[in-house]
Each structure stands twice: as structure tokens, then as C-alpha cells.
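These notes open a run of structures that come right after.
After this come two complexes, each holding chain A, first together with chain B and then together with chain C.
So, the complex of A and B:
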């Protein structure tokens, strides 16, 4: 696993949102890497900058109010932040594609799904009409839509939520991208459909040997799908590890809190744990470690200095020196 | 889960949907035909369209079937359906079938022939003027709504375009048209262009308002994430979603353009005299409103019916073309 080459690496990315009076540091120096044929999960609570960091990969941050302050995003040797709009358009959908959270609103209501999937191909490739149709039908089959020929001329409102998400995935797959960014694609779906979509993503990732950057707040999904995990909190990465390590040896108090707040059968009847407090407003982050107001292990130094990553070996890094001093071994 | 197995088997039998599927045109017609007023509007619209086209052929050429310019001073102000007095007319002056369907005016011209000729003028003026207005409106509104946040120097594009709209709306447009028409040589094309150039502001506002809400929607971000360029997003992805109010305002706009042209002709600034339009038939007839009321009532009622049918047809189209509205029924 560790020998695979990097497909995309985000280095010290900082994204601010600005209004007249204050600056919200939504993403505050985030670095992560997705390797070839790997599924990476970005986990965190709402509003901690997961989606913003993914949107900035595709250059989809509206400016104003957003602005990318510093950092670089290297994809196939090119810094995406330095590319012009035209070059970015050639990459979007073609090399990097994205599946959105709300399948209900992510499809254009006035076009048939066939129209929308073929468009995704037509934008980037020159292709004959009947071949285009064949390819579109094959895509619909691949994402598990029954009777694709009949569905081809359906409008989005004629499909169920799960089917729409499958169509979205088909659109994202249309040009065989190297990287697919999935931004909470199962959040709006019910649990059985969610399981099917996850299974579908997994099998597609394997059969098409693409990389998936999966953004979620659901640790169950992480355990199911991820090879590696990055945990985000208030615009920074607080822990990164292989999935197995993260679930068995969480090294950051935030990750530990997240895992402790998962319901499970052995905790039946007990009160469910929750991390006290809420995510800080990105415009008013506490100084020092952003997690210290909610952290059970916080010491005075946490209030002053934002800690560096502590290395536990085997690519397991956590941003908590307090726990590292207590138990540095793996 | 055996999805992987499913996709790997090429001859996997996919289940067929149970309900029979109807084509889009069928579905559209099903909804549209339930709307009786819209059907009525459409029928009148088609009748108007056909008679305007027919009128063009029947009233033009060296020997027209219905001659709108034939003056018969001895036959002036005959009521509708009056028989022509064959004794006093030379053979080439006799109207077709010997009947004045809509009577004659103060120069003894056949009002039916003049109405036919005027229908074509009204139709072209309505369509061309609104076509110009819609094109400008969609373009300006699309730019203002989509790129509104970008700055050109000190002002944003949105502010710039919307202030131009406000300035245009400040002019009493009818008098602006009058001024321009008075300066330009009187011709039907100048009138179309001038009406078009002074009536795009409403469309711009509609389109901008629609775009402001549309651009926040996920499918626009999704289209951008697919690598669709801005031009295509505006005109292919967002425009069809914003077209419903534009369509309705266009049908009303056609009606307004027909009215404006009629008004201009009524005031004598419209299409130059030998050519008949509904407006100048009305205008010529007003002097004889007590002696020959049909000269005012026939073009007046024609304008009323056409304008009304356009509005009903437009609203019916809006209800049935938009899949979002379709579900409500």
C-alpha cells in the first residue's frame, strides 16, 4: 500500500471566507494525499472545512466571498491552484469528478438523465452519437440502474433518491476519471440504499482502478469503505491513519471522542457519550489548539500554541503532544 | 449485496418497468389538452397565424385575390356582408364573391382585405420585436445573474446592468419610440427594432431574478464540477430552468408589441399609409365611429382576441412544458 504513487496531494491549503466585518478561516493549513487506487476518507463534524477543501481541488470556491490564501494542490505534477479556468475545465469531470450530497437537487430538473450523462462525455470527448448512447447505457448498467434503455429518457423527478444518486455517480464516472470526490453521497439516503451505494462505489473503485476521496461525518461509512482516514477539526487535520489503526488506536482526543459517541450494542441502556461543547465558529477560533475548550486532556500550553503532528509510525500522525507524551509507543 | 456479480454478468436480465411509458410529446399533450382555455388560445393563435400567412399571399402580388388598395369611392362605408353594387363598378373593382365581408371604409376599400394584410404586419411586428427583446433580455439578465458578483472597475456587473435597466425603464418608452420613429425613415423594420430595443428590461429582470436563485442550486455546481464552461452553464443548463416566466412575459410581450404598433399606426407614426395595419384601420375608422362602427370594432376586437389568445396560450405552455409544475396536477 505505502508504495503506491501519489495521485493528488493538497499541501498547507488555506481558504478564507470574508465578509465586510470578519474573516472565517474555513480551511486553515490542511495537507492530505490521495494515492492511486486508494479510498481516502475525510471525516469531521459539519462546518469543519471538509467540503470546502474538496471544492477547492476543483477550483469551485466562489470568489468573493471565498479566497484561497496559500498552499498548493498537486495533481499529476501540476498545481491546480495555478491553472487558468480553461485548463481547470478540462480537468473537471475528465480527470477529477465529484458526486454531491443532495441527489435530489444535483440533477438539472428540465433535462432527461440520458441527456445529462451524455453531456458529461460530450464536453470532454469527441464521440459518435450511437457510441455515445451505448456508452451511456453501459454506464447506467454499471451503476445498477435497471432497464437503462427505458430510464434513459426519464426526467430526474421520475426517479427515486437512490436512483438519482446512481445517475450522479454515472455522470461522475462518464469520462473514467482518475479521482472521484464523493461529498457525503449517502447522507440524504436511507440506510439500505446507503449500503447499496457504498457497495457500488467500492466495486466501481476496484473495477475501474480509480481513487476515491470520500467526505463524510459517518464513522460507520469510514470503517466500511476507507483505506486511510484523515480526521478534520475546525479547518485542520488532527489525525491521519490507516482505517484499522484509527479505529483501534485513536491518538487524538477528538477522534477518541467521536468513536466513543458511536452507539453500539454493548452500550445499550447507557447514556450515549457526546463531546461537550460545539465546533468553534470559523471566524472566532480559540487560540492554540482549536480543540482545547472541549478536550478532557487540555493543559495550559494547549491554549497558547497550536500543536504539531506527532508521529506514531506507519503513517499514523496525530496532533496531540499531550497524549503522545503519555503513550508514545504504537 | 450481489451488485458486483450483477454488473459483471453481461447477459443479466434486467427487470422491465411495469407501467407503460409515454413519450414526452404525449405527456405534454396530456397536460396541455386538459387546459381548455389554453387550447382555445392555441386554436385562435393558429388561426391567426394561418390567416396572417394566407393574408400575405392573398393580398400581395400584381393581381391580388383580395386587393386592399382598390379604391371604390361610390361604395364607401358599406356595412359588413353588404353585396357589391355591380352596376356602378368596373369588373376589376368587384370584390371577390361580390361581398364586402367586413364592409368598406371611407375610400371604399375592402376592410376584409385590409385586415388580412394588417394581420401579417401585426404578426411579424409582434414576433420580431419580442424576439429582439427576449434575446437582449436573456443575455443581459443571464450575465447579470450569473456574473453579478464580479467587478468591472468600481461597480459590479450586476449593478451596471440593472442600473442600465432602471435608466431604460425611466424613459416613457412610448414617447421614446415616437421620437425615434419620427427621426428614422418610416418603415415596418424600424418599428420592429425600436419596439424590441425598448422592451427588453422586463425579461432582463425576470431572468436575473431566476438566475440569482438558480446559481445557488446544486446542479449548477455539479455542472461546473463536470467541466462545463460558463457560457454553456448559462445558456444550456440554467436558461431552460428560467424560461417559464420568460415565455409568459414573451407572449404578453407579443401582445404588447401588437398593441404598441397599433398605437403608433393610430397616431400616424406607424407603417406608412398605403399599407394597412390594424392600428391605422382603427385610426381611419374613428372619424366614422357613429356612422360606420365596424371600422373601429372589427380591428379593435381582432386585437383584443389575438392579445387574449396569446396570453392564454402562453400560460398553458408554461404549465405543461415545465416538469416541475407538471407534477402538481
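So, the complex of A and C:
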């Protein structure tokens, strides 16, 4: 697997949000890589900066209040952060597309879904009208919409939640992007529909040989679709590994806590574990390791210095020297 | 659709009936009477007043008066108590006078407010936005008569054209272009004055609508598709931001019979507003009630048009 080439790499990205009184360091030096034809999960609790780090890729951070302070995002040999608005427009939706969390509010209520899907193609490709229509119908079929000809002229409110998300996915696929970013695409849907959408994304990723950056707070979803995982906490990556590694040998206390709080059959009847304390506010992060107020292993040094990544080999890294010293190689 | 239209029409007719009753009652309950004996006027003896009351059915109970009034209105026989002229004719004449003011004012308001408001929203916080905000509040807070005064002084001293009234007297046999220019000059100032307040308010409203829509998630989706800013703003955002204005569009209609008392008074413009105002002072009930009734009809027709337009432009509303 390691022989796949990098498609996009985000390096030491820092994004701040500024309001009148304080600066929130929403993303605080995040690095991750998505390779060709792989699915990477970015996982973490609400507010840890997942969405912000994904929107930065497309240059969609509202500024003000947002500001990309430093870092680089390399895609096809170019630093996306250095590109002009027009060059970014040629990449958005064409090479990198995005599916959002709320399919209802993310679709424009006053245009038909046919219009909204074909628009994405029209803007990037030169294509004859009837071919455009055929392509849109094919896309709707690919994402599992039944009777696509009839749906073509429907408005978003006429579809169910799951269908809307399928339409969003069709829109994101419209120009055959190399990378699709899916920001919690199933959170707003009910459980059976969630599973269907997840299955759909999985099969589309394979059949189209594209890469998927999947953002979620749900480790169950991660186990289901990810090749590799990045665990985010308070604006930084705390652990990264292949999925199997992460689930069987978590190396960061935060990851361990997340896994321990997963419900599973062998723990039936017991109370679910949950990590004590809450996620720090990005404007008032504790110094040192941001996890130390909630960490059972914290030592004095954790309060002073933010730790570096420790390498466990096979691309498994975790940002906790305390556990590394205890047990560097299992 | 048909069911909606017929239901809506029936509802509006019922509303109209209540409006007619309530306005009739309010007028009759208001202090002052048309038939008071004026001790200073020797012609206004109690006998004359009595005859007058008989002739206009003022001696009958209220509900009979109500029936008489609306019978006359619908048969077109209502006459003013002041000068015995047909009320409908009077209103029509004044309406024709007010119409040019109304048309020019409305066109100015609606064509200027949108570009101003939309640009302010797109360039939120920039110098353009700040200056339009400043001028809007200035225009909203300066009293109309004061602004009118300044404008009149400016135009008269600067261009040496008379602007009071609907036209300059004694231009009877002047060449056509001259008369035309004269008319336009007389029309321009009161129209602009009538429109400034509207432009200030409406452009603010357009701006806030536009800002609200620009913050919606589907705008982010549109950007994420790679659309250029023009399409994001003028297709995806504007189309949504315009929806509430469709309602307002229907409400232009009642303005046809409104007319501004202040502006018409300042410019000695013989329009609707002044006629209604004078009728109220003279307790000329037939004129007041007819104007009232006609504006109620226009309001209801306006809201009806809005409902239909909304149905057409907002796909979420289906029957």
C-alpha cells in the first residue's frame, strides 16, 4: 500500500479565527496526506477543526474572520494556498470536490437538482446540451437514484434526506475529481440511510479510482471505510496509522479513550466509558499537550511542552512521548 | 391552484366587507360632524342643517346609512357633500394627477434600490458599503420637507427653472418641446423626493436579505463547485434574496391611491393625498370612505397578486 503516490499533502497548516477580543487557533499546525485511490479518515470530536482544515484545501475559509496563518497544501505539484482565486475556481469541483453535512441546506432550494448538477459540469467542461443531460442522468443512476429522468426536474425539497445526499454526491462526482472531501456526509441522516450512503461512497471510490478524504467523529464509520486514519484533537493531529493498527494498537491516550467509549457486544450491560472533561475552546487552549487536562497518564512535562510525534514504524505515529517511553515497540 | 385562487378571492371579499364596516364606524365615531350648526355662519340655520341631514340620510340609524352609502358607491352615484360633485370623478381626476409622480417615483425606487443594496452586501464592510450605509441613514433621518426645501433652492437658483405645481402658468402657446421640458422639471423634483426615502429603506432591506442568503450553506456549495463569483452572487444568492420582495411588489399597488400629503403640499401638486387630507378636514364622509374603500380593494388585490407571484417563484410552495 505504501507505494501509492501522494495526491494531496497538507503541511503544518495553521488557521486562526479572529473576533473582536480573541484569536481562536482552530487549526494549529496540521499535516496529513491523501494518496491516490485511498480513503483517509479525519476523526475527532466536534470543534476540533476538521471542517476548517478541509475548507482550507478549497480556499473556502471566510476571511474575515478566518485567516490561514501558515503552512502549505500541495496538490499536483502546486501550493493551493498560493493560487489566485481564478486558478482555485478551476480546481474546485473539477479536481477536488466536497460533500457537506446537511444535504437540505447545502442544496439551493430554488433550482432543480438537474440544474445544480449540470451546472458543475458546464462550468468546467465544454459539452453539448444533450450529452450534458445524458451525463447527468448517468450520474444520478450511479449514485443510486431511481427514475433519474423524473428526478431531474425535481427541487431539493421534493427528495428525501438520503436522496438529497445522493444528489450532493452526484454533484461532487460530476467532473470526475481526483479527490472528494466528504464532511460528515451521513451525520444528518438516519441510521439505515447512513449505512447505504457509506456503502455507496465506498463502491464509488473503488469504481472511479478516486481518493476520498472522509471527515467524521464516528469511529464505527472509520472502521468501515478508511484505509488510513488521522485522529485530530484541539486543532492538531495526535495520532495517525493504518486503520487496523489504530484499532488494535492505539498509541495515544485520546485514541484509546475514543475506542474505549465505543459501544460493543462484549461490554453489554456495562456503563459506556466516556473521556472525562471537555474539548478545550480553541481560543483558550491549555499550554503543553492540549490533552493533558483529560489525560490519565499526564506528567509534569506534559503541561509545559507540546510533544512531537513519536514513530512506531509502518507509518504509525502518535503524539505522546509518555506512552512511547513506556512501550516503544509493540 | 384553482381551488386556491377561489378560496383566496372569497377570503378577500369577506375581509373587504369587514373593512367597509369598520371604516364606516370609525368615521362616524370620530369627533366632529358634517352637520354641526355653525353659530358664525348666518346661512347655517338649524332648519338648513335639518334639511341637509334629511337629504344625506344623516337622520337614519347607522346601519341604514351604511347601506345607502354602499348602494350609492356601487351604482356610482356617491357625491361629495362639499361641492355635490361625483366622488368617483373627483378621485379619477386626482388619480390622473398623482399617477406620473407615482410611476416615476416607483421606477426610481425599484431600479436604484436593488443595485445599491446588492453591491453593499457583496462589498460588505468596504468603503462602498460604508458610504451607502451613511447616506441611507442620512436620507431616512432628514425630514422630507427640509430636504425638499434644500432641493428647491438648489434647483431654482442653479438652473433657474420653476418647480412648484404641475406646470408653469401661461405656457399655453409655447413650443411643444418647451412645454414638455417644463412638465419634466416639475415632475422630477417631487418624484425624486418621494423616492429617496423609499430607496434608502429598500436598499437597506435588499442588503440585509442578500447578506443573510450569502451566509447560507448552499452558497458555500456553489463556491465549492468552482463557480465564478458572478454566478455565486447573481444566480445562487440573488434568486433566493429576491423572494421576499415579490411580496412587496404586490404592495406597490395601494400606492396608486396614496400620494404624499407633505410632498403634494410643498409642491402645490393637486394629487390624491391632498384631496383625501382636505376631505378629512371637511368631514366629507363620502370622499373619505370612497378613498378608503378603493385603497382597501387595491391592498387586497395587491396581496392576491403577491400570493400568486410567490407561487410562481418559490418552488417550495405548492398546492
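FYI, the second predicted complex is superposed on the first by the 330 of 330 C-alpha atoms of A that agree within 3 Å, B and C clash if a C-alpha of one lies under 4 Å from a C-alpha of the other, contacts with A are read in each partner's own complex, and residues count from 1 in each chain.
To be clear about the criterion, a residue touches a chain if its C-beta (ideal position, glycine included) is under 8 Å from a C-beta of that chain, and two chains touch if they have at least 3 such contacts.
Model, not experiment: these values are computed from the prediction.
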Check your understanding: Which term applies to chain B and chain C once both are placed on chain A by superposition, clash or fit?
Key -> clash
**Study point:** Which superposed partner A:109 touches (first chain B, second chain C, both, neither)
**Key:** both
Point to revise | If touched residues of chain A are counted for chain B and for chain C, the larger one | key: B
Point to revise | Partner chain(s) touched by A:259 [first = chain B, second = chain C, both, neither] | key: neither
Check your understanding: Now for A:200: first (chain B), second (chain C), both, or neither, which partner does it touch?
Key -> first
Check your understanding: Does the superposition put A:144 against chain B (first), chain C (second), both, or neither?
Key -> first
Exercise for review: Look at A:92 in the shared chain and tell me whether it touches chain B only, chain C only, both, or neither; answer first, second, both or neither.
Suggested key: both
Exercise for review: In the overlay, answer first, second, both or neither for which of chain B and chain C A:171 touches.
Suggested key: both
**Study point:** chain B/chain C common contact set on chain A
**Key:** 58, 60, 86, 89-94, 97-98, 100, 102, 105-111, 119-120, 123-124, 155, 157, 168, 171
Exercise for review: Report the residues of chain A in contact with chain C in the complex, numbered from low to high.
Suggested key: 58, 60, 85-86, 89-94, 97-98, 100, 102, 105-112, 119-120, 123-124, 155, 157, 168, 171
Review point. Tell me, which parts of chain C touch chain A in their complex?
Key: 216-218, 220-229, 231, 236, 239-240, 243, 313-316
**Study point:** chain B residues within the chain A interface of the complex
**Key:** 1, 3-4, 6-7, 14-17, 21, 24, 149, 217-219, 221-229, 232, 237, 240-241, 322-324, 327
Exercise for review: Would you tell me which residues of chain A are touching chain B in their complex?
Suggested key: 55, 58, 60, 62, 64, 86, 88-94, 97-98, 100-102, 105-111, 119-120, 123-124, 141-142, 144, 146-148, 150, 153, 155, 157, 168, 171-172, 195-196, 199-200, 203, 207
